[in-house]
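Next come the structures, one after another.
Below, subunit A partners subunit B and then partners subunit C, in two separate complexes.
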Partner chain A sequence: MAEIRKSEGFIDWLDQRLAVKAFMRVMMTEYWIPKNINFLWAMGVVLVVLFGVLLVTGLLLLMYYKPDINLAFDSVNYTIMQEVEYGWLWRHMHGVAASATFLIIYIHLFTGIYYGSYKKGREIIWITGMVLFIAFSAEAFSGYMLPWGQMSYWAAQVITNLFSGIPVIGDDVVIWIRGDYVVADATLTRFFMLHVVLLPLVIIVVIAVHFYSLRFPHVNNQESEVFDFESESKKFLEGDKKESKVVPFWPVFLSKDFFVVGFFMTIFFALVCYQFDFAMDPINFEPANSMKTPAHIYPEWYFLWNYEVLRGFFFDIGGMAAMDIGLIAFVIANIVFMILPFLDRNPMNTAPAHKRPVFKYWFWLLVCDMIVLTVYGKLPPTGVNAWVGFVAAVIFLGLFIALPFITKHEAKGDAQ
Partner chain B sequence: MREIKILAIVVFFTAVTYWGVEPYAHSQMHPHVAPADFSFKEIEPLHVNGNVDNGKALVEANCITCHSIKKLGFEAPLSAEDSAASYGVVPPDLSHAGVIYDKNYLAGFLKDPVGATKLSHKFGDAKPYAMPSFSFLSEQEIADIVAYFGTIVSTKVSNKVVFEEACGRCHSMKYDALKAQTPSSFMKSYLGAEAPDLSMMIRSKKAEYLNTFINEPLKMVEGIAMPRVGLTEVSQNQVISYMESVGDRKKAERESLGLKLIGFMAIFTLIAYLWKVKIWKEVE
Partner chain C sequence: METCQKRRDFIGMALTGVTVVGGACALGAMKKSWDPLPSVQSAGFVTVDVSTIEEGEARSFAWRGKPIFVLRKSADTPKNAKRDVVIGEKVFTLVIGLCTHLGCIPSYDAKKKSFICACHGGVFDASGMNTFGPPPRPLDIPPFKIAGETLVLGEEGEEYKKLTAKKA
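What follows is the complex of A and B.
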């Protein structure tokens, strides 16, 4: 046990018992981040802030929400939106923050791909990030059901039904998930449990692992330059701050992040108060009605690319049912990003995309293709739309099939 | 400079995606329709001026056998339950009919109720409409009735009263404790569909859509059971305002608080920027 002296003050008292000074050094003032970065490196902190917004507003909403199909809609749209002081604000913030989180996740993800931050020791950061993506997707889907509006109900009906495509046990799995033969009260209550307890817990744990896994390979930089963090941090501590290639997390890195967060939250509140339809679809202000199918059923915008990969295969090929091909493609689309570090056969080259001869085309093609999938995932799948969706879905899968060959080819070029 | 370029790229791709899934997708899902027509063009306008006294006699002889005119003390001859049972739907009170409905429409409605309401796909010889046609009256007599309705009230009608008279026979407004005058059990057999509660309709359909929809439902939704009721532009705006005051009653608070929140974050951003510049000066 450490020697306990008479303390010189509160911090010292705490330090003797909790080593807060050492803790602050490790977590803040001597947590080294490369200096050569741009604002895209602030997306992680923006996501933390958004998660905080979701957590706090979620707790406030939880005080009035009723997870019962007869009460849910009115508890949200009457009690929270109209009766509770600023209830509308918490709900709008919660809904818009959910959408904004996905926008930032996508920027964060594409940043990682562009700068090659998913390989050469950073695989675990990437994989935990993709686990977070899946956990947030489940969180968003379960949360969307809670207001029990038309799209809550019908999206739940369509998405839970996807599991019936699993061979042999599919139909039983669907009933097991729903807790009933159709989406009903049991479904709402269990998704409520997932949304407010289980999934947030999982997310918090995985965020911790995500941050932890970042400490060993260190944060990447704009040029993917490899340098000795130990000697660079030493330089900084000795006062050679301008020469050093690193900066401490606090206050230098965070001072920039605060600015980026402020910029982003200014736009966020404009969306919350004036431009919220993209995140809170008007159709979900209509109460769920199992007798009335909406003319157009579509998921929230951040699931559209995925949904279009599923929907894109609209005709049978070689005796295989369109639905089965779509489902297989959908499953692949959901896991393919997870294995990206292993599809890249040029693991040692972490240069940013614009310095890689073929990969840069691959990257921008992927971005454009996912935007096409997103837009066509919302449009009615008729006529030429269906074909655009089909081609975009094929290109999406094709890009990931081509990636090992492209990177292998690049690796050969590097070796010469 | 490099960061501005990166920001421009991020903004560009975000904007394209937004445009694609919001304005563009919605324009594809809800094809453009002609704007609301408050002149009810296809109904032939009246060519004669009405005589109020004559109209009064005609109304008392023809209308109040089924309709109430509470402003004048004419109560409904049957209870809501009984009239719904006999007509399928509760007949409207006519106190404000001359004010809230378009005059042209009213004349057209008296001559041909099914045509004016655009309900020929629901009513006909096999299933007659509750309101009989008064086409046996002369053009002059129709004009007299319409002229008389316009004189019953002189004060401005409140938004809620317009809603109650124009919409409240079939629709409820749960969040304002308004229950449809026709018991809901009758609605389905009368029109073949239940009339939805309108509490949140302003948020689910939005004012712009409602403006075209209420003016002529059939134009917006094929085969819909809702009649064209012939509201004037002013009274239709009153209905929409009322719906907004119930379904989106925090709108004003939202719009004024929005400015404060944006202002707060803008100041935060400015201070954060100055601090960032100061901190980074030491390291760059």
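What follows is the complex of A and C.
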């Protein structure tokens, strides 16, 4: 039991009961971040800010949204958009923030790949990050259903139908997930539950693990230099701040992050106020109709690449149905990033991509291929488009099959 | 000391056992809570009047929230003994109007005599057989019973059983 004495002030009073000073040291002022980093290392904090925006705007929307197939569409498009003061602002912020979150997640993810921050002790950071990506994808999909417009309805129909690809029990699983033979009221209310309670809880817990798993292997740096954090932090604390290779999370690192956040939020609010349309599909302003499919169904931009992998395989190969091949490819595409640390057979080399002879081509080929998949995912799958999609999907899978061989080859070069 | 350890082990095992059984039962209950409600399951049997459909005309109906296409084949449309629903002189194609790829609703193109799905370019012929694109199988035939010049959807009549038997 700690010795409790008469406090010298409020902070001291709290410190005796909660050890707030030690807590602040561990979490903030003596949490060490390398100096040799660039603005790409600020994306994590940008994501935290965006998640905060989603949470707060979501709470405001939740006050007027009605999860019922007869009321949902009007509660969004009439009540929130026209009656509630600033309701339009919360909705556009929520929609644009969802899109922006995925943009930053992709930058965050490619930064991790480029600088080799997924291996050599950082595997758990990478895996929890990919779990977050999947949880955010589920969150985005369930949220997209809520306005109950045509795109909401048909996206739900198509995505839930993917589960029919599971052998034997597929059709029953689909009915079970929907709670009806088609996407209906039961489907809306259960996905509403997922969107506002279960998935946000999961996301918050996984974010905590994501941050915690960063404490031991420490933040990577631009050159992937390995140094002793303890002696470097000692230098800093002793006043040799110039020589030290580290800075404290607060106030030094975060103040720079706040600059990046400020820059980013300026763009964000410009989008919210002037370009919000990109997150508002016009087809979704027509109420859901189970008897009429829109002429052309496509997901939001951030799902286009894996959507194109799904539909890229449009003909049967060797007795396997096109749909099954597409589904298998789709499942692989969604989990293959998760096992990236184990596909890289050069686990000790964490040098940035531009210092690795073959890996750099692999990296940029992957980025280009995913951009091609994204662009063609939006175009109708006819004629030459279908073939471009097919080739891009094959290249995507091929890149991940080639990665172990490429990195193994590199590892041999390193050894010499 | 040893008895103490044994007693603790016993409590630990008892707790584990109760938790495992209780957890399994709870999961079962949760699974059932997600099942379609009885009111949804019994959403019924729909009677469809096909006597007024013209030759070459496709009409759509709703059954259990799904679109149903009834196409009366014109004389020059190829027949398909494994799929045609014959009522007297009239030959019909009766299918669930959901693309077997990902559940979009195809539309009937009378000129091409095909059901065409706009989502991913799947094509089915006038009998509902998949002829192009990603659909893995022909359009599904809903359970039906012929009653005069009407079809009762949801009930498995003799003609339906014959069609499914031929498929197998």
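FYI, the second predicted complex is superposed on the first by the 416 of 416 C-alpha atoms of A that agree within 3 Å, B and C clash if a C-alpha of one lies under 4 Å from a C-alpha of the other, contacts with A are read in each partner's own complex, and residues count from 1 in each chain.
Going forward, a residue touches a chain if its C-beta (ideal position, glycine included) is under 8 Å from a C-beta of that chain, and two chains touch if they have at least 3 such contacts.
What you see is a predicted model, and the numbers here were worked out from it, not measured in a lab.
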Most subunit A residues touched (candidates subunit B, subunit C): B
Contacts of A:107 with subunit B and subunit C, given as first, second, both or neither: first
Partner chain(s) touched by A:190 [first = subunit B, second = subunit C, both, neither]: second
Touching partner for A:322 - first (subunit B), second (subunit C), both, neither: second
Subunit B versus subunit C as contact partner of A:252, first or second or both or neither: first
Partner chain(s) touched by A:311 [first = subunit B, second = subunit C, both, neither]: second
Touched partner set for A:295, first subunit B, second subunit C, both or neither: both
Contacts of A:266 with subunit B and subunit C, given as first, second, both or neither: first
Which superposed partner A:347 touches (first subunit B, second subunit C, both, neither): neither
Overlap of subunit C and subunit B interfaces on subunit A (superposed complexes): 295-296, 380
Subunit B partner contacts - residues on subunit A that touch it in the complex: 35, 38-40, 74, 77-78, 81-82, 88-89, 92, 103, 107, 149-150, 241-242, 244, 247, 251-252, 255-256, 258-259, 261-263, 265-266, 268-270, 272-274, 277-278, 282-287, 295-296, 301, 304, 367, 371, 374-375, 378-380
Residues of subunit B touching subunit A in the complex: 2-3, 6-7, 10, 13-14, 16-18, 20-22, 24-25, 28-29, 174-175, 196-197, 199-201, 203-206, 247, 249-250, 253-255, 257-258, 261-262, 265-266, 268-270, 272-273, 275-276, 279-280, 282-284
Residue ranges of subunit C in contact with subunit A within the complex: 31, 34-37, 40, 43, 60, 62, 64-67, 101-105, 118-121, 133-136
Subunit C-touching residues of subunit A, taken from the complex the two chains share: 154, 157-158, 161-162, 175-182, 184, 186, 190, 290-297, 311, 313-314, 321-324, 326, 380-382, 386
